[in-house]
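Think of it as A, B, C, D, E and F in the order they're written, each chain with its own count starting at 1.
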Amino acid sequence: MPVVQIDGGPLSVEKKRELCGNITEALSTAYGLPKSAYIILIRENTGENVGVGGELLCDRH
Amino acid sequence: MPVVQIDGGPLSVEKKRELCGNITEALSTAYGLPKSAYIILIRENTGENVGVGGELLCDRH
Amino acid sequence: MPVVQIDGGPLSVEKKRELCGNITEALSTAYGLPKSAYIILIRENTGENVGVGGELLCDRH
Amino acid sequence: MPVVQIDGGPLSVEKKRELCGNITEALSTAYGLPKSAYIILIRENTGENVGVGGELLCDRH
Amino acid sequence: MPVVQIDGGPLSVEKKRELCGNITEALSTAYGLPKSAYIILIRENTGENVGVGGELLCDRH
Amino acid sequence: MPVVQIDGGPLSVEKKRELCGNITEALSTAYGLPKSAYIILIRENTGENVGVGGELLCDRH
């Protein structure tokens, strides 16, 4: 059941596919459960909805 | 204040309405608070953003 | 894969068991997936870590 | 690293900008870390995806 | 219903009380709802359970 | 700022350290940001607080 929630910016499907495989690999090493047990949720956030250091990402530069 | 976050695939409004009522019922039985206290957040995820067993849901089949 | 996160106060194991069954029932009706697909995470929060209306729950009354 | 996730309804960019600044201010007072450490994620939910008191927000009035 | 989840390190009750008030203030300015609508969940994480830059916080220094 | 939340069972510090390194590696490949940008939150859940298939993990076997 380990469940992973990833919040980042937008990603291409290829990047998501690779990320999903690599994260699952990392989880398998840690928890030692069958691969089918791991669930990954990818959330793509726009720069308008993320603040770092008191500033929205869309306001940087 | 019990707060429930539900991550699944897309649902019709009818399904959401029914789900919301049933989850609130289940929470009332457990926590015994007035119905107005329960908050439910439904997140609809596309198959591209969910990984199960190291594979994106959109790649299955 | 639907994943449910429940944030509330402390519950007895009996209450958790019943809640888990009832929530899974509600999810099955909505998503129509085999029961084994549903994952529920229960988080028990102390009154010191929950704020409602600008006030910590532990400060009420 | 303090990370804040905010689930509410839709907001204008101006409101998000102000919210981000004010939340970061509040976090700085509590945790005393350099401003760059604070991360805020704003999630905008439609009334169809939020339930309060067993009812979807989009069904109210 | 806006719900805020805060993940940081441990805090004293006094700090939590102040944080809860200040965050609620910031939310009120943004969403314009009655104060009773805002829910805040504070999660206190140990350095062993937080990674920044590929390193656990408990391993720093 | 990518933020990862991992919900699983208890882990030793050694396992957490390795997991944190491997997850950060996987994130770097996907997002291409400097390592310091990635934040990982590990949540350790007891079998009493996790339901799979309508059953608490602590009730299995």
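Basically, a residue touches a chain if its C-beta (ideal position, glycine included) is under 8 Å from a C-beta of that chain, and two chains touch if they have at least 3 such contacts.
Here the structure is a predicted model, which means the values were calculated and not measured.
Visitor: Return the chains shared as contacts by chain A and chain F, ordered by label.
Guide: Under the touch definition, chain A and chain F have C, D as mutual neighbours.
Visitor: Going by the contact rule set out at the top, which chains touch both chain D and chain F?
Guide: Expected: A, E.
Visitor: When the C-alpha atoms of chain C and chain F are each averaged to a single point, how far apart are the two points in Å?
Guide: Inter-chain centre distance comes to 20 Å.
Visitor: Can you list the residues of chain E that touch 2 or more other chains?
Guide: Each of 1, 3, 7, 16, 23, 25, 39, 41, 50, 52 in chain E touches at least two other chains.
Visitor: Run through the chains and report each pair that touches.
Guide: A-B, A-C, A-D, A-F, B-C, B-D, B-E, C-E, C-F, D-E, D-F, E-F
Visitor: Write out the stretch or stretches of chain B touching chain E in their complex.
Guide: 1, 3, 39, 41
Visitor: For chain B, which residues count as touching chain C in their complex?
Guide: Contact set of chain B toward chain C: 1-9, 11, 15-16, 18-19, 22-23, 25-27, 29-31, 50, 52, 57.
Visitor: Under the definition above, what is the set of chain D residues touching chain A in their complex?
Guide: For this pair, the touching residues of chain D are 13, 16-17, 20-21, 23-25, 35-44.
Visitor: Quick check: in the complex, which residue numbers of chain B touch chain A?
Guide: 7, 45, 48-56, 58-59
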